[in-house]
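Each structure below appears as structure tokens.
In the two assemblies presented below, subunit A is common to both, partnered first by subunit B and then by subunit C.
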Partner chain A sequence: MKYQSQAVALPYFIAAIALFAGQVIFGLILGTQYVIGDFLFPEIPFNIARMVHTNLLIVWLLFGFMGAAYYLVPEEAETELYSPLLAWILFWVFLAAGVLTILGYLFVDYNTLATMTGNNLLATMGREFLEQPLLTKIGIVVVALAFLFNISMTMLRGRKTVINIVLLIGLWGLAIFFLFAFYNPTNLVMDKFYWWWVVHLWVEGVWELIMAALLAFVLIKVTGVDREVIEKWLYVIITLALVTGIIGTGHHYFWIGTPEYWQWWGSIFSALEPIPFFAMTVFAFNMVNRRRREHPNKAAVLWALGTGVMAFLGAGVWGFLHTLAPVNYYTHGTQITAAHGHLAFYGAYVLVVITIISYAMPILRGRAANSPKAQVLEMWSFWIMTIAMVFITLFLTAAGILQIWLQRVSETPMSFMMAQDQVALFYWMRVWAGVAFFAGLVTYVLSFFVKGESKPLSA
Partner chain B sequence: MSGTFTKAMARNVFYGGSVFFFLLFLALTFDTMKALPKTDNRHNLTPSAAAGKHIWETRNCIGCHTLLGEGAYYAPELGNVYTRRGPDFIKAWIQAMPTNAPGRRQMPQFHLTDKELDDLVEFFRYTAGINTQKWPPNIEG
Partner chain C sequence: MTDRQQPNLLKENMPGPPVAVLAEALFLANLMIIPVLGFVLMVALWWKFRHSDSAIVRNHLQQTVVTSISGATILIGVSVTIFLLGGIDNPVSWVIGVLYFICVHAALILLGVFGLNRAILARKWRYPLLGPRIED
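Up next, the complex of A and B:
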């Protein structure tokens, strides 16, 4: 660790992993409810469990991004963090807000929660991924602004590297587009139109900047490749991401009451969205092949390469699979969407956060890299989780294809619930793949507790 | 990545390209907002339908159902449920929940009043009238 204040990243990473575990446990509950419909009903209805599952994902990724920024920005800027105290305060505020919100979902009736938290003053709740009470949403904005102030001040008084600039643009974009979460017009078409300004412009826009910056940082560290080369790649990748991704929003505007021309704009631009992910894969492998040093942290290199490949498969290939309007006409709102969502989030954002954690955590704990034994276990967890997620995706894809056939293509279309019964086999297989994923996650957590001789930091 | 393509050029392409395509996106958004009255069925967006949307949101219906294909994939599409089932069936169905059939997917009982049920149905009547470019492919959603 070059700067003492980087240490504040540690609690953020720990919280991220803990909430990740919570997310996966709720994923297992949901998977079970798909096949045993009354499982945990009425204590935890499906809609509540799903909200906990998706909101925990968002919160833990944000913890990961913030932890990454606290670690990376001072090191890039070559100065101490502007205010480590503020970072600590925000950590507890954000954790408390996150935990209270999840407890609210679980123990308070959602309608009562809405009334209690001012949803009648400004109705923002009950929209997918933006289910948070108004107070939580305001809290997110306050924490985000204070966080951005802290790291922007850090960057401004130090070296302004390309990685820092790109990361900051991404994080500012994240905060700015979240403001559309407060806009909820009664007109459903407009509601949906601007809802995507949060959801799409996050995950297929500014988050890609954050992801590319984190990946570039880790690649510089573990490969020793010249910064000039990596920074040029970084600019090219994020250019491709925004040039395709911004108009690519149009692939959500096919069937929600918007003009027909979006079928052209959305299809063409989103068909190009795999390109930046492909570039990231080529970039990662290229830099590792041209490495000038053998970094002792082999696990971090594996996570970094895995990010490139799995993001390309999940976001790129599985996204392209159903992004053309004539295809999407049949796949829209089916298990194909769920399949893509799982592999894309895992490949791009889960893996990039674990990559930076894998690189930074040993250093935060006072060593250059973990012991070989710990790294072997960590690498096992990569393979178990990744293969399990590939199978979750394949089973959901199979379920989706069958669902579409029975319910939408057939001459004698089945009702939704009848079609669901027909695809139950694949839902069962998905649950078992989910159990395997959980085993991988347990392996990952255990890898932090493996003792053994590790390389000292001074090396 | 040869020497002729410099980092400064890459940076300029990034800023120029991003700003250009964001402005294009804004222009398309502006055009869409002008065109929406023709497709978004706003003349059927009555106060009752608006109240229905509020009920839809505060019961977190999107956590199980899709609406115009967006939401969770656990329960049927409801954007066209008004056309598929009609108002009386929808109200009777909501009131009959949960079925408590062993092993089957369960929908919670929301204890909606008659007025709230009417508002929700009015909301579904409005959503069923939105021009969705002929989606879904058939009535089953």
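Up next, the complex of A and C:
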């Protein structure tokens, strides 16, 4: 690596992968509970497993983003990290807070956990994705601010590149919008309205900036295309992301008690939301096809291309599928949403974090790229996980379509639980696709331990 | 409009001929934002530039027009057939029909991305299965 302080990214990446494994294991538990209702009950009830599954996703992606920033920002700024010690301290604080929170979910009754952690002082718990106790939320803010201070200071004293600026805007946005997690109005409509300012403006707003910056960084490194060309694409992508994504928040306001005009605003702007993802796909393929020489890290190139395609499919195509108000009237809150959520998170954020890990990890371990044997295994893991996720999505989509028909279209509509019984076949198929995904993840982890002749770092 | 020799791919933003890029962009616009209108504009573009000196321009115009027609046939034709055979009031038709439509539509868009990419880089392209053979 170019700067010694970039090494602090390594523990963040390792923690991210470990927590990713935890997330997938809880996903398997959940998938099984869909078809065997009392599986692991009462030890791990469905609502707890779901909370752990989604919270682990957020935490490991945040670890991935932070690790990526610690690797990328010094290299782009051409200077050492402002304080590697602070990065190390924050790592342990964030890991301890994350692990304690998950253990709290698993071993303490949620109501007791709320009482123990000061929820009576400022009630913020009990909302999907934002279930964290008040103490954890405060911890996240403290860690995020200290992290932002560290990387902002690094950038300020070094070279200011477009990639660094876009990444920092994305990361600052992430921290700022998380503050709405502390705002919990008693009016349920207002509560939901601002809840989306965290959830939507993260994943369909500022996280897209982070994603585009990470992708641009890796593409510059593996293709050798002129920085100016890549930066122009980056400007276009982030403009498209913000123009469509911010007002696109309206697609969450259709049926929650907000004014009707949101059906128009939400439909029009969110119908345009696939465009930035589409641009990212063109961007990734265009840059890779421009290169004159083969980069030794072929696995990183594959993850980068995969990010473009799968993000477009998951966030773009599957998002568009149910984003128009007249369609969403039927699809709202069904398994169609779950299908979209799975493929979008995998395509956009899981893959971009793995892309930067795949590029940076060999360098952090003192080599330009892993051995060909290790890379082959890594590429196998890409295909296994990606194909498995496509099947998870297709099975959930099929379940969703049938669920909509039985519950909301049929002349003799079924109750929710009766309809769930009817779509069980698709849930079974989803479980097996989940097992295949887990096998892909195991393959990915194993690829780190494969020995062989690797290409050394050039001086 | 003739083809340039060896553009600098590492430095140029869009080395490919603008008409070829526009043809691929309209192919995608027809699929994503302005169905039918995108196709009409694409055909008009093909009509105007079908005798262009640039082999790359001719290639992309021909590929996009033919693939739009064959793609629409398999996309809409098979979807309609699924509903005709299964019945509009049959949930099975909806499960198969919607899944079919999404998958084929997304595949056409991805192929369009590859086509656009090739046009930007001043390279010829053939849509697999759907596009005509590339002229020599």
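Everything below uses one rule, namely that the second predicted complex is superposed on the first by the 457 of 459 C-alpha atoms of A that agree within 3 Å, B and C clash if a C-alpha of one lies under 4 Å from a C-alpha of the other, contacts with A are read in each partner's own complex, and residues count from 1 in each chain.
The rule we apply is simple: a residue touches a chain if its C-beta (ideal position, glycine included) is under 8 Å from a C-beta of that chain, and two chains touch if they have at least 3 such contacts.
As the structure is a prediction and not an experimental result, all values here were calculated from the model.
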Clash or fit (per the criteria above) of subunit B with subunit C on subunit A: fit
First, second, both or neither for A:408, with subunit B first and subunit C second: first
Which of subunit B and subunit C A:229 touches, first, second, both or neither: both
Partner chain in contact with A:366 - subunit B first, subunit C second, else both or neither: neither
Which superposed partner A:456 touches (first subunit B, second subunit C, both, neither): neither
Which partner, subunit B or subunit C, touches more subunit A residues: B
Which superposed partner A:41 touches (first subunit B, second subunit C, both, neither): first
Once both complexes are placed on the shared chain, angle at subunit A toward subunit B and subunit C, C-alpha, multiple of 10 degrees: 100
Distance of closest approach, subunit C and subunit B, by C-alpha atoms in Å: 5
Intersection of subunit A interface sets (partners subunit B, subunit C): 228-229, 232
Subunit A-facing residues of subunit B, complex: 1, 5-7, 10-11, 13-14, 17-18, 21-22, 24-25, 28-29, 31-33, 35-36, 39-42, 45, 50, 53-54, 56-64, 66-77, 98, 100-108, 110, 126-127, 130-133, 135-141
Touching residues on subunit A, where the partner in the complex is subunit B: 33-34, 36-38, 41-42, 45-48, 50-51, 110-111, 114-115, 119, 123, 125-128, 131, 162, 184, 186-190, 192-193, 228-229, 231-233, 235-236, 238-239, 242-243, 246-247, 249-250, 253-260, 262-263, 265, 329-330, 332-335, 337-338, 407-409, 413-417, 420
Residue numbers on subunit C that touch subunit A, as the complex places them: 9-13, 28, 32, 91, 94-95, 98-99, 102-103, 105-106, 109-110, 113-114, 116-118, 120-121
Partner subunit C, residues of subunit A touching it in the complex: 224-226, 228-229, 232, 274-275, 278, 281-282, 285-286, 289-292, 309, 312-313, 317-318, 321, 394, 397-398, 401-402, 405-406, 410
